[in-house]
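Going in written order, the chains are labelled A, B and C, and every chain counts its residues from 1.
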Amino acid sequence: MNFSYLTRRALVTIPLLLGVSLILFFVLHLAPGGPTDVYADNPSVSPAALENLKRELGLDQPLPLQYVRWLAAFARGEWGFSIRSGQPVLETALERVVPTLFLGGTSFVLALLLAIPLGIFSALKRYSATDYVFTFVSFLGISMPIFWLALMLQALFAVNLRWLPSAGLETIGDGGFLDRLRHLILPASILAVANIASWGRFVRSSMLDVLGLDYIRTARAKGLSERLVTYRHGFRNALIPVVTIIALDFAGILSGAVITETIFAWPGMGRLFIEAMNGRDYPVLMALLMIGSVALVFTNLLTDLVYSLIDPRIRYE
Amino acid sequence: MGILARYSLRGLKMLGPIILLCGITAAQDKGGTLTVGLSYDLDTLDPYATGFLTDVSSTFLEPLIAPDENARYVPAMATEVPTQANRGIRLTEGGKKMIVTYKLRPGIKWADGEPVTSADVKFTWEAIKDPKYLGPEKDGTDEIEKIETPNPLTAVIYYNQVYPGFKSALFGYGILPKHVLEGKDLNKDPFWDKPFGAGPFKVTEFKRGQYVILDRNPNYYRKDDKGTNLPYLDRIIFKIIPNTNTIVTQLKSGEIQFAYSIPFTLAPSVDNVPGIKVIKAKTLRFMHLTYNHKNEFLKDLNVRKAIAFAVDRDTINKSLGNYMTPINTFAVTSFAFSSKNPPTYKFNREAAKKLLNTAGYKLGGDGIFAKDGKRLSLKFMTQAGRTEYETAQQVIIAQLKAIGIETVVDNKSGAALSDARRKGGYDLWYSGWITPADAIESYISFYNTKGFNNGSGYSNPKVDDLLEKAASTFDPLLINSYMTQVQKLVLNDLASLPLFESASVIAVTEKLQNFKPNPTNQTNFRDVSAWWLKP
Amino acid sequence: MNNPTLEFKSSKPRDESFLARAVRRFRKHRLAQFGLVMLMVLGLAAIFAPIISSYTFDGQDSALLGQPTAPNFKHLLGTDQLGRDNFTRILHGARVSLLVGLSSALIATFLGTLIGALAGFYGAWVDSVLMRFTDVVLSIPILPLVIALSGFLRPSLPLLVLIIGGLGWMGTARLVRSQFLSLRNTDYVEASKALGGSNSRIMFRHILPNAIGPIVVSTTLAVGGAIILESALSFFGLGVQPPTPTWGNLLTGSSDFLETAPWLAAFPGLFILITVLSVNFLGDGLRDALDPRL
């Protein structure tokens, strides 16, 4: 990896983002219904008022023109105003980014801390009782839809035991660190479950692949300690596929966890997206999608960097 | 005229607005803090711009007159409800135009201490009417010619037509403060982050996606019988909880103690929560099965009638826990003009099949009727993800199958649903409407040939004419007579099949005093000033 | 880190055919066989659902309307709030769920492996084009896309499979690519090239088997993922339309009855668990059977 490679990659992102924005813009606008439909169930809204609204929002213009206008404004940093709330889009999005990162980041770290040791352990003790228990629990985690698990844990910890709040970002009027932490426990754990299970499987499988290789046998034969073999030689090489999958899931954090956010009344990006989608709030939708895309592009770059760090055999020309 | 069931929109799994109150006892005799949550992600506090109901804004904006628990108008900031008898309504130019006069109570103040005057009434009209203001709730603004303010307590409103629906229009959501908003861009003004009015509460904080905190307005004008200043409550907090299962969980955990429009399927889970009572409240909402008159099968009255005979309301109701009341007309029983003996279609499968035979359909080998080689198969739409609607739809599908009509489910949500509804993108459509206390303008939007909510293609010039007449008279006897004829025609034509008068299931803490459910679209929070929590 | 040398030759005698060896290894894997049998049982149950159960999946019992009934002798797994037999609905639900789960996972694996292998093997502009394309698809969040599409396209069964499979291959593609990236410069591959091995032979015969581990894992996870994704879609009312049951929409529909009728959620959940576990065991067995290094 060198500087010119990085520059080239960075330059490639521009047409990439343009392409993504073009696709998304047209998919969103071609979906039936528009922002004014939000009011259409209301008989006291006059068609004239809706026409006026459409004109003011520029929705009466041809679609390609709308796209060019949006693009020009977006590139200048003018993200416009939300059609639903009248709030500046940038402000609306930023308000939601923080809780999303807070929830997504916590669950990400939690999943990472549990999945890697569990996967390694499971691989080392392959076909042992522990391995089977872990396998079973992993797939239990994967088989359970998030909403179901969420509702069950809410009932247990908030209703029966009363240890934790059932939903929300913070207790209104408190909002201290500990209070937020208490609100975070349930949604972060639930969000982590699926990741722990799937990452754990990947770590286990990669470790098995690597541990079966000759150089590991050689390392063992050389009399290196089992610990050193496992962690120095085995794990590092097992990381590549794991990094790939984890990076994918990491990029997904910014688009939010719609179901978890809905059930836990968490004010994140996912919920905002669904709301904006249902109301066809185009400025907000495009902003959210572009934030997601940019995040993804950068995670990709980062992933490739990490590849070349952990495996010198990977070269980028 | 006012706003109809907006909450059929934007639903994920939120199934209608659910409002929750959480009581914490205050030191004083009658008071307390209510933590209130909403089942929808409130977009803006501006009631003229929101795509949702006006639960929150009802607590801080005060109207001139407001519907009470029986959907009858009572005075709020005005001293009396204008009528022809009290000369508040005067018809002019030979009955072509009208003048409405409101007298404001003296001494009313905005939450910031400034006096409320008739100039504020005039300002509200001007601000909402302004084409630069994008809020779409402009109903009742074009009907006004001018507003005169001969003195600070008198507003004289000149309508360019006779407009009996004026009470539910324009000023119904409350008067806006001129001294704060004049000259501002109402669409984007930061006022809406912390709005106030002359209502019992004022907004202290609005955190989007999370909550709205409202504190007691010390300048509120009303007092109780003993002369104590209202409201009793110190604070109301609306918490935004977009999932109904979570709402029930919060009721159980005590994090909230009040919820309305609980889905019928969830109501049994709330029944046994200690300290919570479940109220089945009457609403102005009616459920209907609407036919698309442009459909090649449904164009035929016999097919529409066959479907009407095939539907067994009692079974549908039973599947939803019997929370609704079967009706035979679209005018709910709260309205005086609700017809006692409209044309009815009592559940009768044989009659249904006979009608299909009469219409030239033959029962095919697959159990489905067909005519000219075309199977009687219909696209059936309701709101996706709304359990109550989907359950009823399932039962209707089975009932239609039993007489040999096939239905294919095509459910939608959000803007796609509104789009399909408005353009008639369905053959059959099961849904509900909630009307304001003055419902006739709403009926026009459903059944008039050009009605804004008439996507079904139904058209009957006689109905158009009679509704128009009913909407331009104050005479209850005349309204009664016109509406009886309209109901007869609409049901003879089977524009749509009225099924139920729907109830709202409200779960409320036993500690909450003076709470009366409001059946109109102005929400249960129309009058919160007398509420208080027992310690 | 010490630079490992990789070897790719089989430690087993060469005279045994690839297939025979795979079968022999697979037969030693008890759990894999159990998984295969379970999947076949589920598949047959799904196919013969109308024969196995005397009820129809949309047949409502008006006597039982209103509230779900608990499991009893007449209705082994109880009924839902419309008096429909839960066992029958789960059997019929297996049709959609197994189909969606298995076929979309296979589509995703096929697409992902192909694209990843091409990108990783050829590198340079092929890699750039394919990976940027992957990025574009990745940048489109699946749930919002389906919500947008659902307006004009009803999520019919083949469409659902195509959407879930067509938007689920990127992980596999990047996995396979990363394996190829790390293997294509090894002496072994260089040697094969020098010996005149065709590119496709080197790719699919020599390099791909070394990536079999992660591929199998991502396929088995994708089966469960697809079934759960269908459930998530029905959470938003965008899944397979009622009255057709799927394990996903049976679960979603049970959410209002978690307290009053917990069995409504438990049984479809159990079937999903059995399925993904079976697929996983089967995958473990296949991996052991196919991996050239073991």
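In the analysis below, a residue touches a chain if its C-beta (ideal position, glycine included) is under 8 Å from a C-beta of that chain, and two chains touch if they have at least 3 such contacts.
These numbers were taken from a predicted model, which means no experiment stands behind them.
Chain contacts here are complete: no pair of chains fails to touch. Looking at A-B alongside B-C, one finds more C-beta pairs in contact between the chains of A-B.
Our note on geometry: subunit A versus subunit C, Cα centroid distance of 21 Å, whole angstroms. Averaging Cα coordinates per chain places subunit A and subunit B 38 Å apart. Mean C-alpha positions place subunit B and subunit C at a centre distance of 46 Å.
Looking at subunit C, one finds that residues 147, 151, 235-236, 255, 258-259 touch two or more other chains.
Touching of two or more other chains is recorded for residues 31-33, 147, 151, 155, 274, 277 of subunit A. Multi-chain contact residues of subunit B (touching two or more other chains): 12-13, 245, 413-416, 419.
For subunit C in complex with subunit B, the residues that touch the partner chain are 58-60, 62, 65-67, 81-82, 147, 150-151, 154, 235-238, 241-243, 253, 255-260. On the side of subunit C, the complex with subunit A involves touching residues 1-7, 123-124, 128, 131-132, 135-136, 138-141, 143-145, 147-149, 151-152, 170-171, 174-175, 178-179, 181-183, 185-186, 210, 213-214, 216-218, 220-221, 224-225, 228, 231-232, 235-236, 248, 251-252, 254-255, 258-259, 265, 269, 272-273, 275-277, 280, 287, 291, 293-294. Residue ranges on subunit A touching subunit B, taken from their complex, read 31-50, 52-53, 56-57, 81, 84-87, 92, 95-96, 147, 151, 154-155, 158-159, 162, 165-169, 172, 262-265, 267-268, 271-272, 274-275, 277-280. Only residues 12, 16, 19-20, 23-24, 27-28, 30-33, 135-136, 139-140, 142-148, 151-152, 155, 198, 201-202, 205-206, 208-209, 212-215, 219, 232-233, 236-237, 240-241, 243-245, 248, 251-252, 255, 258-259, 273-274, 277, 285, 289, 292-293, 296-297, 300, 303, 307, 311-315, 317 of subunit A touch subunit C when the two sit together in their complex. Across the interface of their complex, subunit C is touched by residues 12-13, 244-245, 263, 265-266, 268-269, 315, 318-322, 383-387, 390-391, 393-395, 397-398, 408-416, 419 of subunit B.
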